[in-house]
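Chain IDs A, B, C and D follow the sequence of writing; residue 1 opens each chain.
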Amino acid sequence: MINSKAVQLSAEVVSNKKVGAYHHMVFAVGDMAASCRPGNFVAISVGGASSSLILRRAFAIYRASLRSDGMGLLELVIAPQGSGSKWLVAQEPGDRVDLIAPLGTSFGIPKEPINALLVGGGYGSAPLFSLAETLKSRGCRVDMVLGASTAGKIYAPLEGKRSVNSLTITTDDGSAGIAGRVSDVLPKLIAEHDVDVIYSCGPMAMLEAITLISQRTDVLHQCSVEESMACGIGVCMTCVLPVEGEDGVIRMTRSCVEGPVMDGNKVLWNTSREIPDGVWGK
Amino acid sequence: MSINFSTSIGGAFFANPIFTASGCAGSGKELSHFFPLTSLGAVVTKSIMVKPRSGRATPRMAETPSGMLNSIGLQGPGIDLFLENDIPWLREQGARIIVSIAGESVEDYAVLARKLRNVVGISALEVNISCPNVENRGQVFACHPDTAAAAIAAVRRNIGGELPIIAKLSPDVTDITAIADSVIVAGADGLALINTLLGMVIDTTSMLPKLSQKTGGLSGPAIRPIAVRAIYQVRAAFPKIPIVGMGGVTNGRDAFELVLAGADAVSIGTATFGNPMAAMTIKNELEELCEARGFNSFSDAVSYAHRVEA
Amino acid sequence: MSINFSTSIGGAFFANPIFTASGCAGSGKELSHFFPLTSLGAVVTKSIMVKPRSGRATPRMAETPSGMLNSIGLQGPGIDLFLENDIPWLREQGARIIVSIAGESVEDYAVLARKLRNVVGISALEVNISCPNVENRGQVFACHPDTAAAAIAAVRRNIGGELPIIAKLSPDVTDITAIADSVIVAGADGLALINTLLGMVIDTTSMLPKLSQKTGGLSGPAIRPIAVRAIYQVRAAFPKIPIVGMGGVTNGRDAFELVLAGADAVSIGTATFGNPMAAMTIKNELEELCEARGFNSFSDAVSYAHRVEA
Amino acid sequence: MINSKAVQLSAEVVSNKKVGAYHHMVFAVGDMAASCRPGNFVAISVGGASSSLILRRAFAIYRASLRSDGMGLLELVIAPQGSGSKWLVAQEPGDRVDLIAPLGTSFGIPKEPINALLVGGGYGSAPLFSLAETLKSRGCRVDMVLGASTAGKIYAPLEGKRSVNSLTITTDDGSAGIAGRVSDVLPKLIAEHDVDVIYSCGPMAMLEAITLISQRTDVLHQCSVEESMACGIGVCMTCVLPVEGEDGVIRMTRSCVEGPVMDGNKVLWNTSREIPDGVWGK
């Protein structure tokens, strides 16, 4: 079902700053900020009046905070890619956007202090910093790995870095940190820090690679998936992927309401463009 | 409410003429988070088939200029689970229910009709015939007068007396009035116009069709002029047949346009993806527009663009 | 130019694959104010009929979401004045010329072909068969395989040897490959896909159809997914037939999409209304895209989305 | 044929002020300003990137001036009506729009000093003030009548008023000037000022009414018509109306290239929705 806290509102842009390849944008959202959990996302209308872009765009919540003066702020990290995201990053303080949040599932927070490894690819680091803070506040050890094609696409703000015990960076072109992919450094980090749970967010291929590693090393893996979404609220059935349910049945499952955060081990990966055998109703 | 905003389709009464479009609101659960389903004229449920269905592989959608393609492929739990879970829930909400059914063979339609004939609390049946007919080289039922009629006749024979049958037609035909004629003769009490148009998007990076199934159904504002034309043509040919109009309606003005063309009710599809409150906004705007144009009753506005002025 | 950007349609050679779309550039005079017509692959002239034609009454157009309706009704001076004024002028410019013809009867097509058979400086004939056939209850030629074939056969019989015939098809049919088949059998050397879709807009103030003729042809980005699908389907059915693609192309990416689907050339229609330089921008962007995707020759990109990957 | 001076350029908004029901907008257009004549129009792209509005909008040129510092300015008077004009009036100084100008025909300027009566309806007054200045500079007497439904829709700036000998205002609701329509006051003004030529711009029904009066009183009548235009440059054939040519043949004539300024006596009025008998090729 849809996140029971979801509300639709007109949110004012409070700030918009370019950071490397991304824009860090802050929106005034009032009380709603208090109901956002790490891993939840927002769905925003793009293009303005008489736009040819008719579908909302989904963005992971980077941070949500209800200030003591009652001002609720929602922060996003946005990569200008196609027409929708480019329109969004062109909005200026004072402009308003139509926004629905919080949507989707959130990262499961353990009751015991555990050793957590947070893995982000590109703007996939966005939801991980607020998750890191929450885990820290529960006494967890939090190590982080961020990967991207190149240094400018690593989003790791200073205040974010403070909430992790260690930060490892990988880039495909070697322009920052270790040359290579996050999956190259995971096995060593898992062993080194005696990791109990991996939390991940990034491109689907990365999530799949992490799932394989987590299975080999017997580590839990919660990942935030990214499927094309037309509605973001569970009514269109475009955002599905095959996931094994608690009853052992594999169903085409909506990532906007039963995700984006899912158990990596329950997802059948690399199944875009064909329905795998064994899926219910194939 | 100062105007009579109710409507009826084949004898079934609806408090207002704004419905959800099949496949664009699931069974209403998620939308009920945003507004009470009782404020809709009716919830039209996602087309249900005989058996559970995984639907198509992803990617299932592509945004297009003022529109979108989808190839969901009728994912759903099958009629038995649907009757067990969705219908009771909808009844509990007090919603008016129109059940949409879809089959791969004439027999499927017959089976579905039999399963539904004694179900309490359903106001009408919408028969989605824009499905590939596996017994006829995968040709879509709605694309030929004879196959369209066969599907509707199967429902008619098996549904029993009361429940109005609304045949949902595809615009992808040479002459939509010929299809309308054949399904009316076969026993349809009303028509739903229009389903999506067959389209394709090619991803210019992978240089392959973007959807896993290559083609998909085009919906949204881009197709509204096609919907208005189809409704107008069918209304001109069949002055009395009840029509549920749909296709690219995003605001009250759009809904009013379909009503003037001949729609007795208007279903909201893709607009809900952009705005979960779309149906409610449209309902209010449509009522205001009808009033502003001097209509005392919604039904007076229906087909008004066909009038011959003295 | 570092890639081979030329193309050919039924034996006629064009220096680049960007054409104007019939009816969207007149006979080129106005556009020549913005760029030399020689930089186009070809100018496709507005469909010309046997006699002078006033066209339809106004309003003749309505903007729609990402598209527009038109009902110009083939306004034009008739073939004789056209041959006297427009063709010599275009020849003077050094433009490659494709003449589009339209008739109200099979005999009209025959007459037009005879008038054109010995005209110097024409590269191809585009035969617009999306016209009402006055001898057959006003049914559009392009909507039935037999009438479509009759019009093309009349042109074939009368045109003589050299001039390639391009049959322009309507998407408003149940099965466009069946129409394609019939016109190819009747002698078409190439196909133009797609003409406009029949649509309607109702003015919600006057509460009447906005266009004087009620319906009009829908063009622009809104219909691009339909064009891509039609081109892809026809290309899949006829791997070798030359195709001139059109429908909602506004930039190089869009043109590339049609090319990947199977277009050997791309005509620019409605986009020119928004931007007189559209064809030039699109030409440059398409060439850059072909190069960026690693094609040495434009023709290698044609139909590339049909490849079967190992 | 298309106005031989027409150019397409990206023009910066210099100012945008609300005046009554209208917006007075100024654009920087460089040298092009020097080739604009009273009666010419511009065609502007509206809606911005990824807009669903695909056609240009036409606006009469209110004033065009090439300043001594080389800055060319183009001024328009815009009524926010539908989505295109509303988008345009929302543009702020510094924003840029794509604009083609000058387009179409201009008002004929007499060689001799004559008595001219300028008649404008609503924003139809826009092109008349620069025309008045030109006529004045040629020694003409210039009287003006402006009509609108209500006072807020009369566009008559102070500096404009200075260039006319008299200004009569009519409003349908009587909220300014004389209650009634411009056609009510015309016969008296024509007689009073011994008018030789009427120049008009406004709704088609008004132009038709003026044509009837001009025919009765044997006054020349140049009017600027307003038909829906898809292209503005003569290629689409949407903007036509039946006009008698010099050869006596009535043709469906493009108002974007052979207009908008036309001889009112040559236009067959009130012929929207049907082609009148006698039109070439009917």
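Miscellaneous remarks
We adopt the following convention: a residue touches a chain if its C-beta (ideal position, glycine included) is under 8 Å from a C-beta of that chain, and two chains touch if they have at least 3 such contacts.
On a predicted model such as this, the values are computed, not experimentally measured, just so you know.
Farthest from subunit B, judged by the mean position of CA atoms in each chain, is D. Looking at which of A-C and A-B shares more C-beta pairs in contact, the answer is the pair A-B.
The distance from the centre of subunit B to the centre of subunit D, each centre being the mean of the chain's C-alpha atoms, comes to 47 Å.
Spacing of subunit A relative to subunit B, judged by their CA centroids, is 35 angstrom.
For the pair subunit A and subunit D, the distance between mean C-alpha positions equals 55 Å. Along subunit C, residues 65-67, 220-221 each make contact with two or more other chains.
Of all residues in subunit A, those that touch two or more other chains are 52-53. If you sketch which chains touch which, every chain touches every other chain without exception. The touching residues of subunit B, counted against subunit C in their complex, run 64-67, 69, 143-144, 172-175, 197-202, 204, 207-209, 214-215, 218, 220-226, 228-229, 232, 248, 253, 256-257, 260-261, 289, 293, 304-305. Put simply, subunit D touches subunit A in their complex at residues 47-53, 83, 86-87. Every residue of subunit D that touches subunit B in the complex is listed here, in rising order: 52. Subunit B contributes residues 23-26, 29-31, 33-34, 46, 51-61, 63, 65-68, 70, 72, 75-78, 212, 220-221, 250, 270-277 to its touches with subunit A in the complex. Every residue of subunit D that touches subunit C in the complex is listed here, in rising order: 1-2, 4, 6, 8, 45, 52-56, 98, 100, 227-228, 230-231, 233-238, 240-241, 251-252, 257, 271-275, 279-282.
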